[in-house]
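Structure below; questions to follow.
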């Protein structure tokens, strides 16, 4: 184990996988000479050369589409999106092509590719650079959508993504890049997709979250404990496949659930999760499933407005109390 | 011999109509010649002969609708006849849904299926949705397990929702016990008559208004145990001096009326747009009548003496029982008091009488040991429970009101000055 | 490199030297024609569902170009993809079964007409999003060089595919990568004059479509797409260069489709019957037969035999497809995460 930041954990995963398999290559905007906007790819160009570390034009559809053509022939391309907001330009390539070819070819080809990069609210990045896309991609069969919340998961899940045979939308959170945590050194320690994890046990309420909102949820749980409310906190880790069994198990114990997401409320991940809880453990519920989400507006620029638009600890605490009828 | 088929001309086309035949059966046709006009959902067009020959075996006359793939006619050598009408040999080619689900379609003729489906749909309409009390799924499950009738449980959740905690503190009513009490065969006890009692207009209104109340009004309940030793003594004196037989309840009406003056939020009504704080204090007094509950109103009770209140309550109650109460004698209350003390009920909760924001349920006064300054002493005590509309009255507001009420009740001299 | 912009015709010399090859090409073109006629017929009979786009009239383009195919090359096409699949050696029975939505179709009935796929024969897909597959071809070309092979990627697309964003993104990256020899790709514009029903001069600001490739530093040449000899000659030259240099090349084949855009394109209000009849005078198969009989490379009997054989292939494919079982319901959930 080493203590690494989330950023370094991702960097480490890239290096280990590129060392391990010459078919792994990475492409993206300003990832080589510039060394990456978030410096995830610093040093890679020098180490692996321009054929494996490809500086592309600003052309997301081009990046993703060419990666698909590479993946079908056995390469394992990693596409870095400078931010996932830009990946909308490549939506046709991701959703109509990458997600579907393995299926409509009747399994004749695999699609081992990763599209990774940061998403979510930053600090005053305003409307076009602050969005969250897990529900958007989570809607489409044929994709894997990873939302790691810790450095260990960022490394272990990225390695799984690179070694897999399906396209992975790997959603990092820029606000987590500096977060430190214990990360396994073993280059073959990989984390599977579709395995949620209970990260804090509690008997009174189940808080379901992922990515940066997990950090928020854990902080809220700590404060709630001071008031005698013991929250069980679950990290979903991947949005697709979505493993809700631990959530159902937890709700059978706590009889109430709060789902926390940063993105907008309508048709979001929390809505899907809440509906699944209601479908599966309806008779266990003593209160409606609560959702904590961002406000339903494009991200404003002004700092005070921005802070009003995203969820905070106190929103989680208030939702927990509503679920407990203690408001 | 060539077959002229109804061609699929669009992705979603399943059938087409023969508009007219340009050629008659038995007529000679040449390749490329228009034979007939067909109509699809998008276009009308002519079908042409694909070979030379005699048109024959016309299976779909003008106006007929043919499925895609159906043989409309044939073009062949003179005299070439098919063994049977082509139409009979044609399976409906375009039945994609049926084809995808052969098992389901094979089970029953489609007509029967639809009847069956309709029945199921009717059965699935839950009975009595309108009168249903809100309860959490878990509460329902627990109630079923413990044998508790949810109708008997007061809900403490939003909108009066019965939640797990409410079920937990409710003791189950033994159903087997009821069976055990049933008369044994040959018992001499008179057989009770079973009958259906039609709803009177009044019972209907009571049901409607109270159900309305428990439905949308988020109730919560505050109970206090009041010391009425002094109040009972004072009552004796009042009766002695004035000759008016004022009841304990008359004193409570007066106490509540005065307390309401300092707590306008309790003397209020919730509305869709605003909360109304009433300027006057009009106390509704629940009166049992043979047909059910009526609540005559003591107007401006805060301005009336205990004896005035006593006299007025007596008169109104009498009118209520003889059903002579006028509308303005039972409408317009701002707060209601319900007293079941005379039935020996120690403590109960009442359902708010809309649009009041609260109701006070008064139990029986009884002698109970209490600890006073470290000594166990016997005092006259009485429990009152206030049900509050949480949309107007928060817990602290209700509690504060009850503190004031306690002052009036426990220092009853205040009621006389 | 000097670019030649004039349309190439075919010279008569040396046709006889490759007689066997021409016969194979003719035979393939006839098979495509009969196969496509059968698919249209089966669509009308309601046996083939969804959208159906046939290659009738354009046969010389794919046939002339894919005559240069070598094992290891990868081929991409739009949704007008039956011809390419047949030419690469896919089993006609499997293709027809796929069109019929049957379990032994080449993609187990999960792709259909627009998404034929046969990786074992180098066909990496028909694609239904117009212009969406050009990026894939550029990426595959990169991968072929990355793996140090001499194979190339061939990408067919129509004139209508040249106006979406990923067309530009793909070709810019192809041109860029070609500078370091990392994009051995042949881009083939099947310019049949119409993007569905919108004529080239109504959909493209620059009607010289090949010239658009100048903007991406990709050499480009035009050819008469009805003249299979000319197409083949240009393809041979282009492919040799691509294999050698690892740089992309573009062929603009000017052709014409005789059928509607799709099987549902009945009225064709965007073009006149006269125009279609006129174009049919330049039927690529007829032109080739005339030329080969004039040169005494094939006899009328040989052509008739080819016709009969093609008819039989198409007929057999229909019978095979008809008798094939539907996909197992379990197929619904296979080949997916």
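To keep things simple, chains are lettered A, B and C as they appear, and every chain counts its residues starting from 1.
Note that a contact is a pair of C-beta atoms (placed from the backbone, for glycine too) under 8 Å apart; a residue touches a chain by one contact, two chains touch by 3 or more.
All values reported here derive from a predicted model rather than from experimental measurement.
The chain with its Cα centre farthest from the Cα centre of chain C is B. The interface with the greater number of C-beta contacts, when B-C is set against A-C, is A-C. Overall, the chain located most centrally, as judged by its C-alpha mean against the mean of all protein C-alpha atoms, is A.
Separating the centre of chain A from that of chain B, both taken as means of CA atoms, is a distance of 43 Å. Between the CA-based centres of chain B and chain C the separation comes to 66 Å, rounded to the whole angstrom.
Taking each chain's centre as the average of its CA atoms, chain A and chain C sit 41 Å apart. In chain B, there is no position where the chain touches two or more neighbouring chains simultaneously.
Counting only residues that touch two or more partner chains, chain C has none. Within chain A, not a single residue touches two or more of the remaining chains. Interface residues of chain B facing chain A in the complex, by the touch rule stated above, are 136-141, 156-158, 163-165.
Considering their complex, residues 5, 7-11, 14, 42-43, 45, 67-69, 93-94, 96 of chain B touch chain C. The part of chain C that touches chain B in the complex is made up of residues 43-47, 49-51, 263-264, 266-267. Residue ranges on chain A touching chain C, taken from their complex, read 25, 50-51, 56-57, 59-62, 64-75, 77, 89, 92-93, 96-97, 101-109, 141-144, 166, 240-241.
The part of chain A that touches chain B in the complex is made up of residues 255, 282-287, 325.
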